[in-house]
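These are the structures in question, set out in turn.
Consider the two complexes below, in which subunit A is the common component and subunit B and subunit C are the respective partners.
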Partner chain A sequence: MKISGCCRIHQNKVLVNGKKYFASDNSQHDELSMQLYRFLKTEYPKFYKMDLLSKMGFLATEIICQTTSAISKFADDEIALLFANSHSCSESDERFNHSFKVEKSPSPAQFVYTLPNILLGELAIRNKWYGENLFTLLPAFSAEYFSSQAGIFVPQKAKALLCGWVNLFPVTDVFVFFAESNSETAQEILDSKEIEHWYNNIK
Partner chain B sequence: MIYIGAETILSPNGNTKDCFRKIAEKKSGVSKITGNGFNGESFYCSMFSDSRPDFNTLAVQTIEQLLEKSKANLLTEESTLLIISTTKGDLSKGFENAIVSPAKFLYEKYKLKHFPFSISNACASGVMAINAAAAFIENKQYQNVIVLGIDMITDFIVYGFQSLYAISDEPCKPFDSERKGINLGEGAGAVLLSANKDVFTTTPVCYLSGSSSNDANHISGPSRTGEGLFRSVNKTLSASAIKTENIDFISAHGTATVFNDEMEAIAFNRLNMQHIPVNSFKGFTGHTLGAAGVIETALCITCMHENTLLPSAGYYTKGTSIELNLITQAASATINTVLKTASGFGGCNASLLLQKIK
Partner chain C sequence: MDNLKEELKKHLITQLNLEDKTPADIMDEAPLFGDNGLGLDSIDALELIVLLDKHYHIKLTNPEEGKSVFYSINTMAEYIEKNKK
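Then we have the complex of A and B:
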């Protein structure tokens, strides 16, 4: 397998396929996500309702869809969404907790975001993707994890993968990449060194 | 061949055997909790009563019970992986650490060779975790995978589902015309999947195939056409040699919300499965969220061994646009092949097929 497109958001910088794509003057999550949304010129009102985890995953995926032409050649259920992070949806958990503990009014709009896989639902709705979707919790970013999952999903369960690491704490640390088959051979390996390379490429 | 067994449940209804027997006798673990709603409301749920275990203790007890049904030292072998299925983990460890903290605890306590993965895919987590386990074995990355499904009832969860008006003020009635919503539940379930039949000290069954699909429709509402569930079951069927007419029993998700159960009925009808005996275990166990898929798969395996179809609680009158063949009393039957399904927020749907060893 090969990585045919990747988006890296680190602190206030956005890189696409290793090249500088956007830089914000502000590394605060809210500011960064809104600046990037405006920069992309995307019109998608549902974006405003999303929690930060979904916003970050959504923005990185929008960038990949805009810059990676290969993604459009796959049918609606051929792309598996494999996302992970270390802190789940803790930011939304805090907000919902605040709504009932401090505001004394449990917020249903915040409660629905207290599951990390809601991000996958947002991506599926936006792109009409009906394929496999899995959200995993890992203690830290692991190129080996994505490499091993790639071997499982392609070709048995999917033809291509959209993989994502979306961590918001302690700093914005987002890495989303699109990987597809690059040969007709049965052996499908996505080299963890290739994943590691793009993840570490943040200069 | 992938084997699945060592089925283990620790729930307010007791262990695997107790749970099976009580469901057969239609004794529910669901009871009334007085005054614990956000505004002091009473509600029904399945909760441990005396000496309620903390998250890690329940996890350990469940794993220990599973290990009694498997080869010695299996847990700490190089070729063994632990996968944890949970929606919220242990919230007492703080929101950021709630899920990874129990994984770290188990990793250190048992000196595991691999750090456990945790899967958090809403109410489909359990079925997805079992599917992930099978895929690891099929791909020869591990020989054995233990899947632990676990979730506890907290104020956070109760207030959240209350805010969505999803909690019933009476024992839940999956697929019935009078259904009003869910009963929450807590507990843990565990199963062992392995490429090697000899690691089991009780008889396992075969795991045939499994898949997931997204509805691509709504983050908190089920698809009105059952699209994701329909697609997932179709993929699961086509990945095995099983045809619809071979399926003896469906363990549905059946949360008892108006929209979920209707979605499932529509999907099963589109799959031409409306006549197959079906139940929901939620009326007996409550909805145990991330544990549900594992607990219910453990119950399915028990049903296969006991040649018994277990009933659904609270079903009296058809409550979906398409009538399903709900099991209302325990009944003897040869159960060779079982379909287990689950659906959850985020539009996720998952399914898997089990078959008795021939």
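Then we have the complex of A and C:
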């Protein structure tokens, strides 16, 4: 498999395929996500309703879709989504907990984001992707994880993978990449060293 | 009634995170749900029930009522006027 495009968001910087794409004057998640949303000129009202985890995954995926032409050649059920992070949706959990315990008014809109895989639902709805998806909690970013999981998804129905690491704490640490199959038949490997290279390329 | 409608629009924008809207964008008679109106969804409907309780102390206990009560700003305002405590 080859990586056709990647988006790295680290603190207040956004890199696409290793090149500077956008820099915010603010590394706070809220402000960064709104500045980036406006920069992309995307019109998607549902964005405002998302939690921060979904917003960051959504924005990185929008960038991949805008900059990686290869993604459009795959059918809507040929792209599998493989995402992970280490903090789950703790930010939304705390917000919902606050609405429940302090405000005494639990918010249904916040409740729906108290599962991290809602992010994958948002991506599927936005892009009409109906392939397999998996969201995993890991202690830390692991290129080997994405490499090994790719070997499970791709020999089956998926011909391409959108992989993502979306962590908000202690700093914004997002890495989304699109990997596609090189061959119709051969068992293929997604090289963990290539994944590691793009993840660490944050300068 | 006009003040109530204006207040409702502000609550809607805050409670439903309609950050791209201003009260002027929301027509009194326009449907809140569906593609021809604000495009609210089923989760928003639950938030509207919370909004009625939180700001007007009105509990909507009959789900069948929701469709007519939450049709537009006009219908919400009429329902609040009739049921406020």
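Note that in this section the second predicted complex is superposed on the first by the 199 of 203 C-alpha atoms of A that agree within 3 Å, B and C clash if a C-alpha of one lies under 4 Å from a C-alpha of the other, contacts with A are read in each partner's own complex, and residues count from 1 in each chain.
What we mean here is this: a contact is a pair of C-beta atoms (placed from the backbone, for glycine too) under 8 Å apart; a residue touches a chain by one contact, two chains touch by 3 or more.
Computed from a predicted model, the values in this text were never measured in an experiment.
> One more residue to check, A:S148. First (subunit B), second (subunit C), both or neither?
So A:S148 only meets subunit B here.
> If we overlay the two complexes on their shared chain A, which of subunit B and subunit C does A:Q156 touch? Say first, second, both or neither.
A:Q156: touches subunit B, not subunit C.
> Kindly classify A:P45 by the partners it touches after superposition: subunit B alone (first), subunit C alone (second), both, or neither?
second
> Considering only touches as defined above, state whether A:S27 meets subunit B (first), subunit C (second), both or neither.
neither
> Pick one for A:Q35: touches subunit B only (first), subunit C only (second), both, or neither.
neither
> Once the shared chain is lined up, is A:P108 touching subunit B (first), subunit C (second), both, or neither of them?
both
> Of the two partners subunit B and subunit C, which one touches more residues belonging to subunit A?
Touching more residues of subunit A than the other partner does is B.
> Can A:S181 be said to touch subunit B (first), subunit C (second), both, or neither?
Neither subunit B nor subunit C is touched by A:S181.
> Based on the A-chain superposition described above, do subunit B and subunit C contact any of the same residues on subunit A, and if so which?
106-108, 112
> Show which residues of subunit B lie in contact with subunit A when the two form their complex.
38, 87-89, 91, 94-100, 103-104, 115, 117-122, 128, 132, 135-136, 138-139, 141, 155-156, 159-164, 211-220, 227-228, 231, 235, 239, 344-348
> In the complex, go through subunit A and note every residue touching subunit B.
Subunit A residues touching subunit B: 76-77, 81, 86-88, 90, 93-94, 96-97, 100, 106-108, 111-112, 114-122, 124-125, 127-139, 145, 148, 151-153, 156-157, 169.
> Taking the complex as given, what residues does subunit A use to touch subunit C?
Touch residues, subunit A against subunit C: 45, 48-49, 105-109, 112.
> Enumerate the contact residues on subunit C facing subunit A in the complex.
So the residues of subunit C in touch with subunit A come to 16-20, 39, 43-44, 46-47, 50, 53-54.
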